[in-house]
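Both complexes below contain chain A, partnered by chain B and then by chain C.
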Partner chain A sequence: MTTSAGSGTKPDVLRGAPAGGRRRRVAPAARYIIPLVVGLAAILLADAMGRSLANQGTELLLLALLALSWNVIGGYGGLFSLGHQVFVGVGGYALIVILSHTDLPLPLVLITAALLSALTGVVLGYPMLRLRGPYFAIGTLGVALAVLAWMLNWPFTKASQSYPLPMSDSLGFTELFQLTVAIAVLALLAITALVSSPLGLRLVALRDDEFGAASLGVRRVRTLLPVWAVSGFLAGLVGALFALQQGSLTPTSAFSIQFVLDAIVVCVIGGVGTLYGPLIGAVVVFALRQYTADFGEWAMLIEALVVILVVRLAPEGLWGIFGRLIRALRRGRPAGAVPQKEGTS
Partner chain B sequence: MQLIIDGLLTGGLYAATALGLSLVFGTLRMVNLAHGELLMVGAYLTSVLVVALGADPLLLAIPAAIVLGALAYPVQRFVLTPIMARNADAPVTATFGISVAVQSVLLLLFTSNPRSLPAPYATASVEVFGVTVRVALLIATAIGVALVIGLHLLLTRTGFGNRVRAAAGDSVAAGLVGIDVNRTFAMVFAIAAAVAAIGGSLIAVTYSVSPSGGTSWLVIAFTVVVIGGLGSIRGTLAGALILGVVQTVGVAFVGAQYRDIIVFGLLVVILLIRPQGLFTKAQRV
Partner chain C sequence: METKQHSGTRGAAAAPRTSLIHAAGVTKTFGGVKAVSGIDLDVHEGEVVGIMGPNGAGKSTFLSLLAGAQRPTSGELVVAGRSMRSADRAAMARLGVGLAHQIPKPFRRLTVRENVRVAAQTAPRARRRDLVEKALEMSGMAAKADNPAGELGLLEMKRLELARVLALDPKLVLLDEVAAGLNTRDLDELIALVALIRDEGRTLVIVEHVQEVFHQLAERIVVLEWGQKLTEGSPAEVAADPRVVEIYLGESSAADGPARRAPRPAGGPARLTATGLTAGYGQATVLHDVDLELHAGQVLAVLGANGAGKSTLAKSLAGMIPIRSGTVSLDGAPIDQLSSFQRVRKGLALVPEGRRLFADLTVRENLELGVGARSTHQSLDRIHELFPKLTELSGRAAGALSGGEQQMVAIGRALASEPKVIVFDELSLGLAPVVVDRLLEAVDEIAAWGTAVVLIEQNVHRALALADEALVLRQGRVVFRGDPAAFSDEALRLAYLGTDL
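And now, the complex of A and B:
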């Protein structure tokens, strides 16, 4: 992706690349079809899965969705957010508050909650997105801690007390799983489209070489703001689904720093700034947690040590290692095989 | 008047806790997201020594500082410095990982209950010039100011300080003139950790510490460093005093439950208006 910013129309033609040129601009159809098919299959099979498996599936997908959301800004945008729990909390509380006060249908409420979360992102983005590197990280962390302190004292959301979801609006495990699958698939497709769009290319250009991008006319805040809002929208969906799954929220559960910790751990292990890294990372972390569930804090320690090891030894994450292996295997094949470009960056 | 004095003394404690972050930020150009955990580990180390030896906590903070420094040295040498060379933003992820790892170790060893260091002067207060002050804060301020002066002198008046500043300014050139940059950086990190251990012990004497308590201290320390300006040890003291006064006066007006919001709000405002700090020349952040 780093080189694709400069590959306009001409160089590919000159090189006579067979299909590579088009592939880099627009993601191939398989990237859209495969997730759709897998998602549909999961939705159809949900009834046969049983309640506990469906609930586990929901948890896994929420972890993946959260990581996908963080990866948009933290991976492709290169901005290390430590404040994503704000989006989660806003989405969750918005859903519960709206459902408690109105009779609107659930899908509409879900979208409204996510939109409110995205709006929060826009409001916070104007000041925050001017910051770079560690300033952004600690700035967002400060905002998140301030919001949590505020929520603990805000009577409208019952301050530090638990805010229950209305009973009539709670979903069964299977239905919630199906809803989560649908949202996760749509989110993945949206991100697939986003990262190969002009906006996505500007985003990556800004991350890799801010001066270079700026000299080509890429405006920093104007590029980052919509992406930050998309990230906030997705994290808001995570919060709304989390509220549906939990049945009630407290400020410390909905605005927990654990959300952003999870997102970062998953993204780093899977591969920061890669399309499928967050998915692989979510599966690995989720599986690890199933095995270490009996050891409590040990799970977090192991995850953190893995994160340090990955950053030190394999900064491209599992998906990057995977991609390197595939490319190494391809290179071993006889000439004439179609060179497959991995769209990872 | 009472408020201002209280604020200045709180600021003195903040200076002691932010100094390690400031040193690493200024010389290694790296924000240590695990700084809050360094403070907490320092406090817990001191607490273990207090249980074992039964001496005064602030006396035992010194061996705790040495132990934490020794633990921190290899972390910088073998984990962080190699990462720094690769990418300016990678240490952020790495120190984040360290922060989570340390938090879980503390949770495993000491449970999530807050803990404070018992000392005869921890809750005592004295009257100075008609103003009542907590003795613990007075001691914290004295130690904080002493640490600031000591570090400033170390960096500006010694051969080691010259090497640190040379390595910070241009690590390649410093390497060419025979400075072992890797060891210098690791030493800086170890000193920062040692200072943090003392700062953390002061926190535990004055307030309390918990395994997850480092996060908000990180933000406080970062706010102090940002107000004071990148890399300025003296600016850190000024920033800490300003934050202490603003916070104490603010709490008096809006109530103690908004204590955190004042700090974080001030951080956001400063980042927006003057992200390079109040006392340093303009630069991009």
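And now, the complex of A and C:
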């Protein structure tokens, strides 16, 4: 393996390599186990949290989940979607409509709602994913506005009126929090698996150099479509959970452009195209909004200022800074410790 | 170990070799320009074919047609059994047509191995790991497999580019100027790697300016000029062909072209001086330690083969790219830290390669945009005297003009700022000989105004006839600087065609 490398006489040369090698071998397992443990702990502790904290936790997680969803296609795929609110809205309305008309169990309805959202993604993806750069952004925004206009006038979903969740299906704050934690953890694991899969490699390749990727046999739409659908699936889950949390939906609440704007702000602050950036970003944005809640319109100004500062000072986001710190620490530390360990093994 | 069937049966006598490329009358036009015009070419499995020709001859366009990156406008082109009328780049890559780009652009945020893995995904799942490891091994990148690709040096990036192509397990490997920007030692390493790829029996089509690559690798060379096939033959045959020498050096009889009207003595202090000028792009240093000195009214001809650093010199003088070290001064004052527009204000104007006109603006508007702080609209009168044709074209959109007319506008725009020094980058590129003569006459006249002229020109003999001083670049270094008359044809051949020719 990489650690032995046969030449223990040259610790200087080896110092960098084994650290990288070890990180690569240990991390994948930890990347799955740590979220599972944290998620399980949160679910178990949920009862002790109280309703208010649980509700806040749900809101935080929905923000994080939304950002994770956007980050898959916007960060890893480099496709700047301005239309993710369509997925949220479809997921939310699908959940409420299905629950209102059938007696299906909630988990099944959740999955169906998310699948419908993913299906929307597939249908929209065929034309949209042929667009690039700003055209894709404007195209998705246009679709989102068109869908909103449609929803405001569609009698089946009560047009612009509020569509309530059946009372019998509403969840308690704690239950909803637990459900959201479970879904967020599974989503994170799914994304972790996705980005290190062959599909994830092709996705990043397309983002870094589309022509180069094509030169290596990567077919653009074929690669982007499943990822776009996954992103739609996750945003659909956000919509469904949002519907459960709100108890009712209107087109302007479920298809609000605020969803995609939130997702982008969170990703930019946390780190676009990084695995944990959206999580960190969600925590920061959520905390910021809690603290500035009393400041009225100043709150928006402060948030905008934070975004500008991050873009200016840390373009790779907070996770980027964090990652650099960790690498610097790793590089500094092993001077004494690691070569010894290798010598003994 | 990998047991790839050698598709090419190199040296196997009498075995009928399958055709990998069949081109008949292949033409590609961009707008009204024929970049590739009626090319016939057949390449069989296991062959190594080189494509050479001057800038703008259509080499890279032809290669991109072979790769499926662009589609031919007309003609028949079949590559690896697939008609290129409908193929796209990804499909061709999956058929085993690998293209190594001139400027390697790895997926920067992936590791070296991940970069290669992307390519290997075209193979059946079971073979992927072997393909990746073998490609890393062959290209010498195995030791760096876990490094982020964005942190590689230039040679390593070129190796990675080849490793990615190899991971496609390609039948046909297309190399687009892979030797560009490498120093001599790196070049040898790269040639050794390409030879290794050849020895696996893969078919190669190599577009290259660096002649050493051909001499060591190619069996057959196709020479393109003006998008057409000029000749085809063994490296020795091609090198001996007087037409090939001519397209690189221009017509040998300079007598019928414009010449210096009178010697222009170097009077007064130097207008433009550069010392130790070093510049490049990214990790490639293209220009090393160039010194030059130019007086008012003098013409300096900058010569050298493609990729020798001529345009880089022009750009670094004009401030289009930052210099790495050295100084540039105008009338004794340093200008190397100034941005390009500040240099224009100080009196240094560039006529850029490819003209870069504002296509939708009229001729008059283009010229007026050139009028700057140092000049008035009166400067335009002088331009109309120089190119009377521009007066009648005044209201036409610049984009609708012919190439020669556009070049006149570009020159006029540069002159509108009343520069003390004017730099022409590839003045005659892509223009017909008659037009070139007209433009060179204008250069002579501009010098007669007292403007110092830096002339980067492909038509060597014509340029030398006009010049007061010649500066010859080879692989980014000055190999000759002095009186153009003292510069022999032998020295020219050396600079342009390499030692073996």
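Heads up, the rule we're going with is that the second predicted complex is superposed on the first by the 306 of 345 C-alpha atoms of A that agree within 3 Å, B and C clash if a C-alpha of one lies under 4 Å from a C-alpha of the other, contacts with A are read in each partner's own complex, and residues count from 1 in each chain.
The definition used in the following text is that a residue touches a chain if its C-beta (ideal position, glycine included) is under 8 Å from a C-beta of that chain, and two chains touch if they have at least 3 such contacts.
These numbers come from a predicted model, not from an experiment.
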Ask   = Should A:A213 be classified as contacting the first partner (chain B), the second (chain C), both, or neither?
value = second
Ask   = Between chain B (first) and chain C (second), which does A:L224 come into contact with in this model arrangement: first, second, both, or neither?
value = neither
Task = Pick one for A:N153: touches chain B only (first), chain C only (second), both, or neither.
result = first
Message = Let me test your reading of the model: by the given contact rule, A:V265 touches which partner, first (chain B), second (chain C), both or neither?
response = first
Request  = Tell me which of chain B and chain C touches more residues of chain A.
outcome  = B
Ask   = What is the contact status of A:A94 with respect to chain B (first) and chain C (second): first, second, both, or neither?
value = neither
Request  = Tell me which partner A:V143 touches in the superposition: chain B (first), chain C (second), both or neither.
outcome  = first
Inquiry  = On the A-aligned overlay, A:A118 touches which partner chain: chain B = first, chain C = second, or both, or neither?
reply    = neither
Request  = Answer with first, second, both or neither: which of chain B and chain C does A:V307 touch in the superposed model?
outcome  = first
Inquiry  = Does any part of chain A touch chain B in one structure and chain C in the other, and if so which residues?
reply    = none
Ask   = Of all residues in chain A, which touch chain B in the complex?
value = 78, 80, 82, 127, 130-135, 137-139, 141-143, 145-146, 149-150, 152-153, 257, 261, 264-265, 268, 272, 297-298, 300-301, 303-305, 307-308, 311-312, 315
Query = Can you name the residues of chain B that touch chain A in the complex?
reply = 30-31, 33, 79, 82-83, 86-90, 92-94, 96-98, 100-101, 103-105, 107-108, 215-216, 218-219, 222-223, 226, 257-261, 263-265, 267-268, 271-272, 275, 284-285
Inquiry  = Applying the document's contact rule, which stretches of chain A touch chain C when the two form their complex?
reply    = 2, 17, 20-21, 24, 198, 201-202, 204-205, 208-209, 211-220, 273
Message = Show me the residue ranges of chain C that touch chain A in the complex, using the header's touch definition.
response = 67, 69, 88-91, 93-94, 98-99, 101, 105-110, 114-115, 117-119, 121-122, 146, 164, 167-168
